[in-house]
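First up is the structure itself, then whatever we jot down about it.
As written, the chain order gives the labels A, B and C, with residue 1 at the start of each chain.
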């Protein structure tokens, strides 16, 4: 395994986890009728922020990275409680969040796909692994909230943006591009695809039969 | 570990995965009110087709097999989209599907139980592992669809058929029967139990108290 | 890894698994409209009794302990069926169960946290791992029943008691207290916190914003 590719600074990862947890807590605040307590909000926030990375490491059968350092959990719990307390304020920053979340989506996708490739996963499942890393937190969030999984439904491109990004990544690395430029390209492509999808309301067609 | 037992041809496994994914997509098509898009249908199909094997490998703490080759995912996604498009046609082939699905159930059960035994799992949990491999996909499907888990409810023998099959397998291997005949017996017993249960509407009793 | 800490007698673990499975089956019996069959009740009971330990071992990326011995599953299935049959009788023993369950909560929390520390997990995630071990079964139960996850909601301290217990454990071991007294302290603290919370109806505040 080429350790070099994981030299993404820890603070970037923690920022991503924190943003994920904060958005998970904001999501939970929509369900006032669920009567979540402080711990419930934290569980949803932590699951949203850390879920994708946990799923990725489970699939790779390596010890889960978020359990190897104290910081992930501290950041995720703090961000969840902050999200809950500042709900009113944060909801006004909606546009900022969409942008940061789109960046996060790309970063997690790149982290998942490159870690997969580094552990010998072939191109197609490596792209899937990137997507799972990017959207796994939101799936876990919905399953725990027992609410329909948002990702499955018709809506502005989200997982699709991650698929486009990780497909770009595995294609470019397969033809010999080094990891770092390929990962950066993945982040940019995912970000642009998500923002274009969001801005113009692009969506995949609903399921249909011939 | 005796590698010999895993020399089941890849095309058989892929056929099983494809059938599972196709049936998962057909299942998803029942929920028009969920407004799944093309990706949503693919996610449900892929989860149904690959879920059992993934759960098995997670429990055994080995790298998930479906992430070690490109083919699993390609087959699962193609089968899902095919299932969605040809829904009308495929629904007429209901009987054929019940038969193929019963075969799949037995094959997955045998694959799971023998892999467990090969990794040193004792008889009782090895039988469970076979059952998890056989029915894990359908459980994952229901959890993601946030619909009551079909398997828990009163209905024609399904998981029970897999339990009968894997119990036969671990019993016969314990008394010294080699893996291959034991695995084939498992497939046959599961298939027969499922078809008999389906044809005559056999079912386990509903939960009750004394 | 210091093997010594795992010399908790197997019968204690099996008792804990049995109590968990029995309470899972009792929980399932509340949902008469789900039409669970005997197997469905067993699946819920087994998931409740074994779920926490399975999640713990998945996160640690070690072979799942409950699949390494025949006894876990035999005990869990028997306890589930017993719980279903004796529902009427057992419901009268409510207070006894609350006490036994509070003990279980502490024991599982201690088992999870110490196993985590033994595998090199730092203090904060080790405390979380103990909590996951203690409450994972009930989360899995609710997800499979497609019912709102009880743990997330306002109610008498439950997971919070486990958090207090495992925090005590990682704090004491960090300052040099040996595993055994630290684990026993964790069981006692969790038990007392749970019983005090239950008796006086203490609860965390509901989610709120500033």
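Note that in this section contacts are C-beta pairs under 8 Å (C-beta built on N, C-alpha and C of every residue); 3 or more make two chains touch, one makes a residue touch a chain.
Remember, predicted model here, so these are calculated numbers, not experimental data.
A.B. asks: Going by the stated contact rule, which chains contact chain B and chain C alike?
C.D. replies: Chains touching both chain B and chain C: A.
A.B. asks: Note whether the interface between chain A and chain B is symmetric in residue numbering, meaning over half of all numbers used appear on both sides, and answer same or different.
C.D. replies: Comparing the two copies, chain A and chain B contact each other through largely different residue numbers, since under half are shared.
A.B. asks: As a multiple of 5 degrees, what angle does the CA superposition of chain A onto its copy chain C give?
C.D. replies: Value: 120 degrees, nearest 5.
A.B. asks: What is the distance in Å between the mean C-alpha positions of chain A and chain B?
C.D. replies: Those two chain centres are 29 Å apart.
A.B. asks: What positions in chain C touch 2 or more of the other chains?
C.D. replies: In chain C, residues 58, 61, 143, 146 touch at least two other chains, as defined above.
A.B. asks: Would you tell me which residues of chain B are touching chain C in their complex?
C.D. replies: The touching residues are 58-61, 116, 119-126, 128-129, 139, 142-143, 146-149, 151-155, 159-160, 163, 203-210.
A.B. asks: In the complex of these two chains, what residues of chain B are touching chain A?
C.D. replies: For chain B paired with chain A, touching residues are 28-29, 34-41, 43-44, 54, 57-58, 61-64, 66-70, 72-74, 84-88, 143-146.
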